[in-house]
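Structures follow.
The same subunit A turns up in both complexes below, where it pairs with subunit B and then with subunit C.
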Partner chain A sequence: MMKKTLPLLLTFFVGVVGAMGYFVPAGGMTKLSSTLNDFGIIIAAVAFVLGGINIVQVNIPIVVRRRPDWGYKLVMLLSAVAVLLVGFRLHEFWAPAQKGTVAVSPVSDLLVGTPEAADTAIIVVDGAPRDLLVKIDGKAVLDPARPGEPARMPLRARVLVEKDAAGNVIPHVVNVSDTARTTPPRYDEYEVSISLVAGGEATVKPKLTYLLGPEGQPYLWLFNYIFAPCNATMFALLAFFITSAAFRAFRLRNVESGLLLGAAMLVMMGTIPLGAELSQTWLYRLQEWILSVPTVAGRRAIMMGAALGAVAIGLRVILGLERSHLGGD
Partner chain B sequence: MSATPANAAPRGLMERLRTMDRRWLFLFMGLAIVLPIFFPIGLPALPGDATVDTYDAVANIKDGSRVFMSIDFDPASRPELEPFAKSVLVQLKRKRCKIVIVSLWEYAPPLINGYVRSILQAPLNPGGPPDDPLNKIYERKTDFIFLGFKSGKQAVINTLGQSLPTAYPTTQEGEPVGTIPIMEGIRSVQDFKDSGILILISAGFPGAKEYVELLSRYELPIVVSTTAVSRTDLQPFYSSGQLKGLVAGMQGAAEYEQLVNPPGEQLGKKGLDVLNIGTLVIILAIVLGNLIYLAERRQQKRAASGGGAS
Partner chain C sequence: MSETVAKLVKSAMFALILVAGPASALAEGEAADAEPQWPPPEGATSGAGVAGAPGPVGNLSAGAPKYDDGSAIDIKWTASAGEAEGASPKVTSYLVLRSNPKTGPVADLIGKDPMTLAPRADAFTMVKVVPATGAGSEYSLRDQPAKKTRFVYMVFPMAGAVYGRPALVGPASTDTAYWNGHHWLVALTVLIMGVLIAYFLGQAKKRGKEMYIRRIAGIDAMDEAIGRATEMGRPVLYVPGVEEIQDLQTIASILILGHVAETVAKYGAEIKVPCMIPLVMAISEEVVREGFVRAGHPDAHKPRNIMFISSEQFAFTAGTNGIIIRDKPATNIYLGRFFAESLMLAETGYINRSIQIAGTAEITQLPFFIAACDYTIIGEELFAVSAYLSREPRLLSSLKATDYFKALLILFIVFGTVWMTYFHSDPARQAAFMDLFFPGS
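Moving on to the complex of A and B:
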């Protein structure tokens, strides 16, 4: 009894509370309805996990037993695993606690005995990969030999040592990040604040981690160069099949099909700029009228009918008269 | 592509067309799609009333307002929706608007992150004056935020109407929404009613139709860009005033792009030539198919009356 009764009771409760949330403005009812809504969001997220498990459960036996098309199933499973692995932010597990080290020396060999030692210090930045962008106090360190290009590491930059009104040394901020802003960065970012004495030197060694996850380059490469073209191609095939179907099936057999054909031709010709050009826009106005008046009238009628049908089905589900959602017999 | 037996009677033109291998049609359609990309015609699009209403609705919001965007499409719908998505982001950037972006489609976030990087976080007019708003680099969390994808379909939309932080408690990077400066004072999408607008870019379910069905009771200013096949679903809402604007299909997106005139490559304009020629090919295919059908019927009638007479 509980196998059927409990789910029916639950359906009744959730359906009634969900509907009452719209009609009863009392705070308790609205909050309860909102909580059930949140349950729905969580269950929808769990459905993704269930879907993934189901794919594995269904397809692994086919691959193991070498059933027909097992090769395609294997490709699908391997692709799913590959995307799953690069989609997780796995780099967060092996990223070092410190993204870099700084060694400060009060004396720089380059400045010893020079007049610059009075007010200048040296910042050395050395790390891999070498093509990351280094900014000191917000200003990019550029390569003098290649105008506009960031200097490659290891690099040495001279900085002025300044003090504030209280006589404290103003620290310099060194930022190391991936260069391009319009493509996703390959590595995470490192920023450190260094206080230097005049004539001194600081050596910064960043230890940046290659980024994985939904913003990582591997994932985006798979998305942009494999998934997106395949997804777009499946949709693009429609153009060819529509042409073939239009040639073979869109025929003037009777009055009704003639009306349909006529309206379709007018709308198609009126939609494209060529039609508007050739007809001095009357075709365009006609297709706008067709889409705004008779189409909307028909569409509204269908939507109202569908809404009434949804109410009827919903009532049947809530009252337990419709049990197809329970599965089984 | 079709073989004729050596001893068969010669076939008429109509018969040959009727039994033509469909791969000729595919080839013709393929050329019609590919050639305009390499040899653009450049016919202008006549902006329709619905597109102009959409443009005006966005243009009339106050500069610097906060705007809510739901971008719900996948790579399959890019040709129809991407020109609008990019154009409206440029238009909002010109108005220095702050943007809150969400998504209900799991394949949308990589596309959205790409638009953010290439439009919001990039200078679009490098040679222009330094105070050109198009050159501003939008800061994440203060000028814009992308809250990410959330599964749950209508449940999420319903919750957005009551409590945005409940629908999106954290950003896609895991930061609590309450700590994001741009989200200050926003309890739900109703808070965009007076200061801003809701822009929905939707390819199907869940999307604009569900937003309108579930949130229209709050009387929010909503504009929508959708695919051409979904236009009839949303046209009743536009006609009744529940939507302030409706941009449909590649045609509408190209019209909108023409109105905004964003810098750089204009995909809608390119796509319009393909749409022109492709539609003409379909019209020709329909006309040819009907000519063949009418010729067949006439032949059958002649054969029937000729057989009856003898």
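Moving on to the complex of A and C:
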């Protein structure tokens, strides 16, 4: 009962609800069908854990027993662990409670005895990675020696001390971020508001966390500089595989293979740049006809047959006629 | 609680408007760049009867979409004259409002200037601000009101924050359809298939297993190919495609995997199943185990031979090619949905001198399999393999049903060709034919 009947009943219920969601808009059928789809997505997500476990189960014994090509398995396992680690947002666990500290001094050594001390103060930013961008009151602090580039830390910026109508000092907003060079940023952002008296000095020491996870730089680096080139390499191999397969397929052996070779030659001639030059000739029109008439007819026949086959197998499974996946009768 | 908050917010908004003092929204320049808003500012007029105010929208209509689940109302209109070249003030957007069910009978709203309704903010709710796209444009908006009742819709042409002359339409209500008429042809297909299957199932029960099915070389070769692997002492490689489990080609492949696993177990060979989708791996493992149990060799099943490689297409291809090169399977079976990896797998198998049987309904990949494999199962044959292998009358009946339906389909194609050719100079009749069988095409 549990092994055969229950799966058959479940299959019937899910299949019928899925089909009803397509045909019957009323009665929340569409919603129910969509909910069942969501169930499927959740199950598929859980299966990824099984996939990870399977990779470990299959490959670790090969490495441990030094089976042939165990080195590749080791590289694969280490790569998987590396991607897994940088894929977690681990920085959220070790992020400091305070992203930075501010020390304010009423007197700045740099301003003592200078005329600027009457209306100027100094903001020092130190402790963060050198090439982060510092903005004071929304304005980027740039390096005078390198036009357009952010000033390197430790930096000292002179700021005007202004007061509002009520006589209160207007605070300065210091923002340290990594938005200048990299997208997404490597470090999280830090912003602080500081009230300074004229002639005073504030030292800001950000404690920025290096960001990990799918948006973090390590993950993107691995993706862009290792995974993507490897992927492109594999895809590029297709060109060579096509050549060798075409060489065999177009070998002239009998009438059918001769027809195949002739059609292939015509279509290739029409597709290459030289073929476009011959666009007014009968040869070009013939290749167009091959592509638009017999090819399309064949494709449609296969598509229609496949669609009917799909309907038939769908009905077989939903109606419980097909039971081989449950161990037969 | 939320209603109280909403009332407080609304009261605060009106209080602000009162404090700000009456300001005519028709004061051009001042309001030209402002966003349309609802409730309207205190003192704003609807533009009805105001000289120079943008004219109303044209052909305003509201109604439930056809074959809807009872959740939506479609509002359609054509551009206001205020969108024309040189019009001043120029219409920049349309403010679409829906009557509030709490206001009272919606019929009472028709013909009234909404700005004169008290309290006017409660009479209508803003649905959306639709940006103007130019003179002569046609607009449509799908509203999904939370409650199923009758509504009046009102559309203001807006020149910035200046209210033009409103147009009202209604009452309109949502409509729940119990049948999606767009899909009648699919329903008919399923129904005919169901009837044919039932008929041939009855016939099969009467005649036993004597039901003729044409031979499919690729399927017939499977036993021989598995036997070859057994003799050579090498494994059989089975790739169930690269699609999710809900794909019908994957389902067909998994059903065939059961038969292949059973044969492998009977012959005492080994089967390896690399998978790209973890869920396919989990199900394949169960199906292979069942196959070994059916063959009476449950102990011979090695769960680790059904493996998840990677969910990335080319990483999976590289891993599977590695298995072909290292383990040198004598037989490779590729059944299911494949994409660019089809030729990579098949060519690697060819280099390895394996017997290769491939099958897919993916048209773009069929030529690659035909070029590189010994046997190719084409399109619908993939869905027939399980029935063909089992030879069970109840499954073969579905193949018979498919064949007969195909005959009906050929008649339909001939009829359609004759119709379209005969009425080649009458586009209306051609369109009627298309509308009947393919609504919305």
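Everything that follows uses one rule, which is that the second predicted complex is superposed on the first by the 238 of 329 C-alpha atoms of A that agree within 3 Å, B and C clash if a C-alpha of one lies under 4 Å from a C-alpha of the other, contacts with A are read in each partner's own complex, and residues count from 1 in each chain.
In this text, a residue touches a chain if its C-beta (ideal position, glycine included) is under 8 Å from a C-beta of that chain, and two chains touch if they have at least 3 such contacts.
What you see is a predicted model; the values in this text were computed from it and never measured.
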If we overlay the two complexes on their shared chain A, which of subunit B and subunit C does A:M303 touch? Say first, second, both or neither. both
Once the shared chain is lined up, is A:I60 touching subunit B (first), subunit C (second), both, or neither of them? neither
Would you sort A:G40 into first (subunit B), second (subunit C), both or neither based on which partner it touches? both
Is A:T281 in contact with subunit B, with subunit C, with both, or with neither (first, second, both, neither)? first
State whether A:A246 touches subunit B only (first), subunit C only (second), both chains, or neither. both
Would you sort A:L291 into first (subunit B), second (subunit C), both or neither based on which partner it touches? first
Between subunit B and subunit C, whom does A:M269 touch in the aligned arrangement: first, second, both, or neither? first
State whether A:N231 touches subunit B only (first), subunit C only (second), both chains, or neither. both
For A:V24, is the partner it touches subunit B (first), subunit C (second), both, or none of the two (neither)? second
What part of subunit A is shared between its subunit B contacts and its subunit C contacts? 30, 40, 44, 47-48, 227, 231, 234-235, 242, 244, 246, 248-249, 299, 303
Under the definition above, what is the set of subunit B residues touching subunit A in their complex? 22, 25-26, 28-30, 33, 43-46, 48-49, 74-79, 107, 109-110, 113, 117-118, 121-122, 137, 150-153, 155-156, 158-159, 162-163, 166-167, 172, 231-233, 235-236, 239, 251, 272, 275-276, 278-283, 285-286, 288-290, 293-294
Subunit C-facing residues of subunit A, complex: 19, 22-31, 40, 43-44, 47-52, 54-55, 57-58, 68-69, 72, 227, 230-231, 234-235, 237-238, 241-242, 244-246, 248-249, 299, 302-306, 308-317, 319, 321-322, 324-328
Any idea which subunit A residues touch subunit B in the complex? 30, 34, 37-38, 40-41, 44-45, 47-48, 181-184, 214-215, 219-220, 223-224, 227-229, 231-232, 234-235, 239-240, 242-244, 246-252, 261, 264-265, 268-269, 271-274, 276-277, 281, 284, 288, 291-292, 295-296, 299-300, 303
Contact footprint of subunit A on subunit C as seen in their complex: 67-70, 176-180, 183, 186-187, 189-190, 193-194, 197, 201, 244-246, 248-249, 251-252, 254-255, 258-259, 277-279, 281-283, 287, 290, 293-294, 304, 307-308, 311-312, 314-315, 317-318, 322, 326, 340, 343-344, 346-347, 350, 361, 363, 366-368, 370-372, 378-384, 386-387, 390, 394-395, 397-399, 401-402, 405-406, 409
